[in-house]
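By letter and in written order, the chains are A, B, C and D; residue numbering begins at 1 in each of them.
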Amino acid sequence: MSDDTLSTNPFIDADGDHLHEECGVFGIFSHTDAAALSTLGLHALQHRGQEAAGIVTFDGSQFHSERHMGLVGDNFTKKAVLDRLAGSCAIGHTRYSTTGASALRNVQPLYADFAGGGFAMAHNGNLTNAMTLQRQLQQRGSIFQSTSDSETILHLIATSDGKNLVDKLIDALRQVEGAYALVALSEKKLIGARDPLGVRPLLLGDLHGSYVLASETCALDIIGARFVRDIEPGEMVVISKDGLQSLRPFEQRNHPRFCIFEYVYFARPDSAVNGVNVYGVRKRIGEELAREAPADADLVVPVPDSGTPAAIGFAQAANLPFELGIIRNHYVGRTFIQPTDSIRHMGVKLKHNANREMLDGKRVVLVDDSIVRGTTSLKIVQMVREAGAREVHMRIASPPTTNSCFYGVDTPEKAKLLASRMSIEEMAAYIKVDSLAFLTIDGLYRAVGEAKRNNEIPQFCDACFTGEYPTALTDHEKPNDVVKATRLAEAG
Amino acid sequence: MSDDTLSTNPFIDADGDHLHEECGVFGIFSHTDAAALSTLGLHALQHRGQEAAGIVTFDGSQFHSERHMGLVGDNFTKKAVLDRLAGSCAIGHTRYSTTGASALRNVQPLYADFAGGGFAMAHNGNLTNAMTLQRQLQQRGSIFQSTSDSETILHLIATSDGKNLVDKLIDALRQVEGAYALVALSEKKLIGARDPLGVRPLLLGDLHGSYVLASETCALDIIGARFVRDIEPGEMVVISKDGLQSLRPFEQRNHPRFCIFEYVYFARPDSAVNGVNVYGVRKRIGEELAREAPADADLVVPVPDSGTPAAIGFAQAANLPFELGIIRNHYVGRTFIQPTDSIRHMGVKLKHNANREMLDGKRVVLVDDSIVRGTTSLKIVQMVREAGAREVHMRIASPPTTNSCFYGVDTPEKAKLLASRMSIEEMAAYIKVDSLAFLTIDGLYRAVGEAKRNNEIPQFCDACFTGEYPTALTDHEKPNDVVKATRLAEAG
Amino acid sequence: MSDDTLSTNPFIDADGDHLHEECGVFGIFSHTDAAALSTLGLHALQHRGQEAAGIVTFDGSQFHSERHMGLVGDNFTKKAVLDRLAGSCAIGHTRYSTTGASALRNVQPLYADFAGGGFAMAHNGNLTNAMTLQRQLQQRGSIFQSTSDSETILHLIATSDGKNLVDKLIDALRQVEGAYALVALSEKKLIGARDPLGVRPLLLGDLHGSYVLASETCALDIIGARFVRDIEPGEMVVISKDGLQSLRPFEQRNHPRFCIFEYVYFARPDSAVNGVNVYGVRKRIGEELAREAPADADLVVPVPDSGTPAAIGFAQAANLPFELGIIRNHYVGRTFIQPTDSIRHMGVKLKHNANREMLDGKRVVLVDDSIVRGTTSLKIVQMVREAGAREVHMRIASPPTTNSCFYGVDTPEKAKLLASRMSIEEMAAYIKVDSLAFLTIDGLYRAVGEAKRNNEIPQFCDACFTGEYPTALTDHEKPNDVVKATRLAEAG
Amino acid sequence: MSDDTLSTNPFIDADGDHLHEECGVFGIFSHTDAAALSTLGLHALQHRGQEAAGIVTFDGSQFHSERHMGLVGDNFTKKAVLDRLAGSCAIGHTRYSTTGASALRNVQPLYADFAGGGFAMAHNGNLTNAMTLQRQLQQRGSIFQSTSDSETILHLIATSDGKNLVDKLIDALRQVEGAYALVALSEKKLIGARDPLGVRPLLLGDLHGSYVLASETCALDIIGARFVRDIEPGEMVVISKDGLQSLRPFEQRNHPRFCIFEYVYFARPDSAVNGVNVYGVRKRIGEELAREAPADADLVVPVPDSGTPAAIGFAQAANLPFELGIIRNHYVGRTFIQPTDSIRHMGVKLKHNANREMLDGKRVVLVDDSIVRGTTSLKIVQMVREAGAREVHMRIASPPTTNSCFYGVDTPEKAKLLASRMSIEEMAAYIKVDSLAFLTIDGLYRAVGEAKRNNEIPQFCDACFTGEYPTALTDHEKPNDVVKATRLAEAG
């Protein structure tokens, strides 16, 4: 057993062995409750980033910013905070960030005073040439304050010759590569934009006449807003008191490549993203999986909560009972324990416990959404076996994750991905299951409504499964040439 | 619609319209990791009380105490905290308490310096003659520091003529009435005791030779301890370096009356309490409910998470699809928002959202564990209808809750209980469902393994459903005669 | 040089090598601003205890308590705190306490719910038989919550047969020995009491018809209250809506023995205590010292701030210039630095710096109030010499401190007192001065207005200088027989 | 009486009616204890700014920054903080800033990642064309993060064509006008620079071979460093492993104009600034004042602590007794009280109390350093009279303060300065003294060692007394043309 497994801290790794979405964004134009509605919208998007959140409002003469480490519900619901966030226009952001002392200055929305006025921006996604651009901007005299790739966009705006803020933003976006769904707020406008491939989601809603922008429909549902449509790949919407203007700043050379992993794990099951209900996709994934990789078993058990919809689909398709054979403890704290040797081995039970009565003597189909490093699977399987399961058949609701994401998802480097260094048989032996099967890439495409993957022009970004990256990866191709983002370590 | 409904604050009432267990207890004797294991045990018992927690250890010469408002994982996992909790014997407590400034002095374990030595105690349950006893003790010269009924036991010990601590504790317990499962720690002994009726759970485990006491088996599972047996009603176990001694301090006049609501809602589904697996009971409840009150419907949807096991049982028995038609947001914060008028109406969506695609046009069986004040049911039903459900058939996994609990559960006064002032038909109209059914009391007894309720000598405490209280309720019968517990309001 | 000297931490020992008064007390009856006025009064008494403070009010039906570690001005000036302290009667307390995690439960005022009603009490002084009484009370069934000797009085009240609270308090005070100036608040009465010797100060003031009790006149000045008179030794005043009643609970066998060190160091120079202005005494001390121990010098320099009034008196009597040759930094923090080796040697300069221009080449008379362990004197002299002083003549504004105080002053044990283990000549050599002189005991008595010390019946308590303790020291005479105050260590 | 007087909050305005220095700076090159020594140095400079402090270190590969609101001793003495500040080179800053939520991003040292490497800078003083330059830089594409004028220097460096950091800094400094004493740290160099007039102090010290830069000598004394010399007006010193290089980037067209108010109030009395001991100047001020404006009185009383040295000088010159007739409470908190009406009138007594016994029936000379708005003087005089003083003769240790400072001192606008709107007679009547006299401007120049003020080419900057500003005031001459520094309000 690897040392990595043993050292897993029992009170950390709250979400276990999963990829992490880096952001959710929200914006609202011209509503008297802009800050409170943004709080609610960000709360609904909390699953896209639990480490920090921020809201910026504009009150007609001044911008107001609140950015805090921690959950939306813990930081943005006090009357004093909402009172400080005056104004009828707002944008907000939830963030999954690496822990560390200096994190606050990286929390979004970012803000800049341009010669032409104040400007705030929140970004979901990741730029793949940010460091290269940053080096050029520094040569020219720009001073970067954060280590966020998003700040690069601000400096590109500041140094643009465009004749107004919208032109400058278009100028900036034409220079960046990578994935972005962004919301921005100037003194007159709320702006939403998606990269030409539309990798990250962004959609338009309507709340009694006020425009809303959000990453997922669940952020509309919570405030009772009506879903209007997705912002299209390569589209920029500019919302002002004169209404909504749709711009197409990019030549239409690209086919859309929405992130297929949003359906597998990131998005909330009650959301529709890119027009398709997530829970439905996940159930169909389970059904596909039951067809592709049936198992002779007594019951189907999800690894909660991420495997639950696929397990329901699997159970229904396989006509097997769906049972809560593993119970999840939702009170897992976020802080650190210095584990003693004897405690270090307890790992996964902090979050999951086997429901022995359902498992004892049974042949179990275990359904999980994905395998990243394999550490959680290893422990879950061991726990299920110790609870008496006679056979364990692991079914994974996605193809093997073999490649890192560079578009706003926190993935381990490729070498840490179990599927990049082991065959399925080796993985089955490693996690000690009787059988292991992953959904095929075509099965996944079927679940999202396609006949199959179009290998010439794939309908989605599936680089984490296929290694086919839809954009250049400039920073990663010549890393030695790139300056460090900052030489400063700051606490507090 | 009542004003009470409208004023519900969107960011509060995190667990909604449920009864709240007031405590979980844990103890361990002679283990080098006593404090860390207690932290893990209390973490597993977090669902029995999320407001505060405490641990007391004894290191051979001194007791160490840490008590904090908030979750176990947020307060007891730091190395500094665990280091301060030196010693190989420990007891711990999680608490659901009313919010308020002075709460910390009520957080358990309580501690007292007796003439014979130090003594710490943690108590799950509630005494029904505590105020009467307190008045007598104050007349005699005792000074109470907390407003907890549990402190009464300490003063009864302090003023007892018993010849040693165990005798004094027995003397004290013979004077109290009500419900208690308690763990206590003296300089030499770890003690566990249950009231003569065994209303609250307490069980014995073994961790590689070290005795463990805990409220539920999930607290044994998390540390890998083996379940040995339940502490029996009226039993006191005294654990010392000489082993475990079982005492029977009470005349055996009572039949056991374990709290049946532990199975309905309080206990974790993966726990066995009083020897029976909770998830199994809940599934059987769903099966009974499907037989007693079938519905002509398209799918079965749980109100997550409390209605989930019963919904699975109902769906299997009724041969209907089980679907996640309502999605729960687990990031609900604990703090306060000053809602604007427009936000005040959003209430329940903070925690739950309808999964429209599954509900639209469907006839839905909604399964919840109980109805307390009815406020949550009202909103859930409205939400499900707004998502397009054609019919809503509510099925409740317990009989109508018509009476308050005086044994350690936080219940509204009787007049606030919806079932105490409305018939089932009136309730159905109030929450606006097409049909409403509760499990019968005999159905509930069948689900826990009995043939039916023995109305002469009921096998369980079911006072919340029947009003038959198994003990005297001294304090509540002559309240005017009872002193206020304290005249002091203290912050900080 | 002793290791003790070297390890002195530069950012700690904020008040250096001084004895510490343990408390100031304040009370006010029937004023609409009771809490705010108590805050101001305690702020004026902050020099008597900087570690913690507390206020208890009574609003006609309930007591309210706020107790905080830290300064009055940092904790009791917020509107929310004052709003919580509702009511027109209040008592308050400032405390010098040992640092440590569990300190908060020792912060006063203490509070108890007696059978006869609520009761709060704040105590300046120290009981010399508290532990002996505590042992007896514990045998009888009392449970102590704090480690404060003051709690003993509460338990004596609780267990008294007295027919009302005042009688019970008198009963309690007749059993204790030692020093106390205390203020207490019941539901009907504000009570002030001094021990039969009147060791600690307590005085009565009047604010537009509302009675005020305070340790020093400076607490009257700050609120504009008029000084009425000292509470007399052995007197108890009981203030109610019917006015002030003066009781004499003790047989008048004792002569008063007010603490003479209040004049030397504890009290504020602008206060009058026991009827005499403190600044005036200190100046006369300096004049006496100039007569008793003149020095052939160029200037007189105080060790600021405690030596300043005596230095002014010395300079005027000796007709030498008074100069600020040492400058004190008032921003000394309270927290801890882990000093590196090179920093460990900087010690005293954090708080004091030599004013080189005034000292270089000069013969300097240095005036300080007392020498306790000698560590500060050693460093001050070294600093003054390094600044170029040609001669250093140290003059101490009190006799040698040779004995510990047991009446509410935090003194090192006798063996740590420099004067208890060295002659004056040895001390002069140790601190490296050209000459060293202490005020004589008769000189001190002259400065406070007596002709000389009456060695038969000393007019003051001067035990720290003479070892003649005016009361029994029961706890200290048979320490092995005394229980530990508590076996509990609690953080938070 | 003006409303302004009445509303003065008793627990705020800790330093009362004084001008506030805005900064102290410190730097050290190549010492193993760089961070700890900076902490000590900043602690000694705490009087120059009590609201916030910061330290930046460089460890050979990375910069480390800690910036905190509050006192140095409360924030920079913990081992964890010092451990994070790794490296042998450091600069630090103490700041007097306006309170407000977004203050932290204005706390210095500022830091920037330039194309050529990291760079940190701390600035004492104020630029008078910062906003004008900021507007130009924003037009060019620079993004400002703080509202500090100091950040302008960073952007001028970033956009300079200079061939290395030193050249770029010189280029930047040649563009700014106003006052600055700054310390900066690059990866290779510690840099100190004073503006061409040398308005703010900066001096060079030596600690066993390591160069030190500091605002005052007291910061050298505390660490045992030797004073080497003042950095000269218009000089830049560049310290590297190759030693110290002195540069003269400016044409020498200006005569030095050191701030004469440093002697009156800002600097610590034990410091020497610009080569002259401050305490000595203040005593001579008192002597000059006694000659210029004698008073027939019984005693001389300082307004503590700022008036003390001048009062000693006055008393010695006038041959009157120097007495502490007013006692200062050093525990004044920094937080806010919502004053009740009755408390609102207590104002100044929080900080000062009259020592009645010394004042009653006496003719008193009161000595203070300056009168700003007059509010404190008004209350002090009233307090002294209420304590029984028969006559009050106020003597002010500086000329009337008639003009605002634009060089780094927080002054009220001119209209709020009492001396700008009243004659001396009117002021005497306003503060209700029997006589009032200010030191003459020539008297002040004599006290600092000059024969008299050279009205052609004044030897000092005395603009606050004379209105003769030694530099252009670009921003203040065309304010309408200047952009707001930021449109963002940020909390936390």
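In the analysis below, a residue touches a chain if its C-beta (ideal position, glycine included) is under 8 Å from a C-beta of that chain, and two chains touch if they have at least 3 such contacts.
Nothing here was measured: the structure is a model prediction, and the numbers come from that model.
Taking each chain's centre as the mean of its C-alpha atoms, the one that lies farthest from the centre of chain C is A.
Per-chain CA centroids place chain A at a distance of 50 Å from chain D.
Mean C-alpha positions place chain A and chain C at a centre distance of 61 Å. With centres set at the average Cα position, the gap from chain C to chain D is 36 Å.
All chain pairs that touch, listed by label, are A-B, A-D, B-C, C-D. Within the complex, the chain A residues that touch chain B are 10-11, 32-33, 36-37, 39-40, 43-44, 46-47, 50, 71-74, 77-79, 82, 218, 221-224, 268-270, 272, 277, 279-280, 308-309, 312, 316, 321-324, 327, 329-340, 342-343, 346, 349-350, 353-358. Chain B contributes residues 61-68, 81, 84, 101, 104, 111-115, 117-118, 135, 138-145, 154-155, 158-160, 187, 483, 485-492 to its touches with chain C in the complex.
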